[in-house]
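One structure follows; several queries about it will come next.
Which chain is which? They are A, B, C, D, E and F, in the order written, and residues in each are numbered from 1.
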């Protein structure tokens, strides 16, 4: 862990940091997050995957396309050519929440945490958009990095209770 | 509230819904969300607003630019010409969290909830990006619509405990 | 019909034409086009709509998102806030082809032919992309404007045999 | 040739496939397609290349810029840094059609068929846009992959009658 | 003229200002700027407009497409649906410079100065790109607003010597 | 130096040139340019860096984000994954001008002059945007390449008086 903000120079100016000396390695990141919905939305999404409207199918695509756009959205992010991206969902009926999981892989000089987190966020925002006529109270929550491999900082695995 | 998914037609196909019959009115939406950080990040952000690196200044711009890109990111969202967008932050030292608030205004045929939510999400993701060298365990949470005015569905104000 | 190229000035320079004097009216355009595939792809798409991989679901989203990006892709196209966009598919087993139909609606000063045609093209290109491991010989064909309503030039309906 | 849809996982979910194990090789793709026009448009384009309005010059740029945007348009396409892109046109007076040919080259882990096809499509759509005041009946047709080199699947050359 | 920075709120935070109370009027802006080149580039551009490579034709398209992207590039700019955009060039043999002029028109609540200036800049940058193999010393200069009509601040005409 | 326009083929058609045979080397470019302002704007920017509105902080981000978008803006530019980008400003009270300096680094097959120049231009345009309510007469000037390292053409250093 660094003990300072690496995205600013000594004068406090934002910079896109120099990664040219970093090794090209395979880097993988997994992020997760959830959206809390009401019963009606939960049922519509559960039932909808087959024929009535595939909310999660649309959200998955938004997540994957969003992960590809990360460097266009996050000011100091480097452009990357990601070699793999998946977005998957787990339904949690007991808490009326849908969890999104985005895994991104790259062979490059910088990690893909931001791509995975952006993929999760955009997938969840798309669920909100497609269901907001039924429930305006939905809430996106617990968006976090689960695991990260590759690069100098090595393996990171979030400890969860 | 609708009792069905409005973004799919009778066959279950995703559609960008027809808003051409909706009235052009002034519409405002406010969304909020937070990022939970560790003490080191909290201090760096608190101290940094002046000279050492203005994390929130960068995040604000990312939020505003992101709100403008919403229809490019959320598949079924209509393009809008938003007439105002602000992103503000509140520091919560007791919980080590930073809250982002995005307010968007438009004169148009469809609401700006998604723009406000997207603005919040991208501002928080940018904080994550700029501080991730110090703390990989940050978590984006409680992203939600606070208030919405204008349009047929009228005034919505989230009830919070 | 004009008898000259309206997108160039008297000196032959490309221009984005002035539409400021045109009336704001409701304008609708419908475009269609097809992709010719082999039997294996045809079967995979037919069977896939439910569970094995919804090629047409992905292509539909690409078409709708593409229609929204038209002015970013076609140099002299005006930006528009389209009020509706749908992309639908018809399977033609006798010819092993899938037909895409894109309908776009706007209230504005210029038509949406290009948006509808772009939506069709990107939907068909996405089918190509998702099936190209099974058939490289697919062919996009018969992309054309079917109907156009609104605006000074009035109603256009393609005559088809 | 694969006998299944590679862009979906075992559960039928769309994925951006993992190309990280594929070799970095030089890959080239050539795609072609045509637009069928009426006599007036044909003459305007033929005469226009010099002084009266260079339709094909504008279409060429749209094709090249479009090829660069492919991964932004086709949901499951990987971002690529293409090392070369050309778009050329052949006039066919006997059939009143203009043929576009797009050749794309990359040194990378995945092919550039989609880039070449997207380049052709956007070039042809731009011709449509610039000439639509003269002829609404134009038709984009025969968009197909002509040749593909590099990568595990080897050399592909379309057999044409 | 305002005597303060209108793009910041009372706390100094950047905002996308509220234009919702401004009148929808026709607004026009004209910007100009030049690129200083060496004799070889000047000759290549002068001769090239016909057959050998139309540098200015490419630059014109880049300028028009760039003007449409302004709100995506300038953080606090509002999205606009511009109704007209032209980019023209004047050759100045005596000073070996090429002047670009961009005129943008809109019916809206905010002006189009930034669109016109962005159009000029991107046209000139494109000239630089296409000629940089011949001359790395080119210089973009005198990019300025020439005239502005419409809106509360009224008519502005730059006084030039 | 080349003695011809390399971005056109033998027939005069614009091409995105083939860089696949060029070596992958570290390439760095530095560009600079200035904006001439009036006294009121100069003072507002000088005073504003701390608390009243950080014009240069916003402009810096626009410059960095703009440099990343270069290949989307300049028609024949190759996409690049830049490994570093900084934008800095120098205040010149004696001439009432602010100078922007953009340095871009890449490990790739083609140089980053255009990225550095685009970064400078977009930073300066953003200053114009944020201060235009106070001064419409600002002028962007002297945008030029200062230095370039790496690649076959070797080291270039602009000679300035």
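In this section, a residue touches a chain if its C-beta (ideal position, glycine included) is under 8 Å from a C-beta of that chain, and two chains touch if they have at least 3 such contacts.
Bear in mind the structure is a predicted one, so any value in this text is a computation, not a measurement.
Shared contact partners of subunit B and subunit E comprise C, F.
With chains reduced to the mean position of their C-alpha atoms, the one farthest from subunit A is E. Where the sister copies subunit D and subunit F meet, the same residue numbers recur on both sides for under half of the interface positions. With centres set at the average Cα position, the gap from subunit C to subunit F is 37 Å. Put simply, the C-alpha centre of subunit B and that of subunit C have 31 angstrom between them. Residue positions 13-14, 51, 54, 57-58, 61, 65, 69, 75-76, 79-81 of subunit A each touch two or more of the other chains. Every pair of chains meeting the touch criterion is listed here: A-B, A-C, A-D, A-F, B-C, B-E, B-F, C-D, C-E, D-E, D-F, E-F. Residue ranges on subunit A touching subunit F, taken from their complex, read 9, 13-20, 71-72, 75-76, 78-81, 108-109. Interface of subunit A with subunit B (complex): residues 1-8, 12-14, 33, 40, 44, 48, 51-55, 58, 61-62, 65-66, 69, 73-77, 113-114, 117-118, 121-122, 125-126, 128-145, 148, 156, 158. Of all the residues in subunit B, the ones that touch subunit E in their complex are 26, 57, 60-61, 64-65, 68-69, 79-86, 88, 105-107. Of all the residues in subunit D, the ones that touch subunit E in their complex are 50-51, 54, 57-58, 61, 65.
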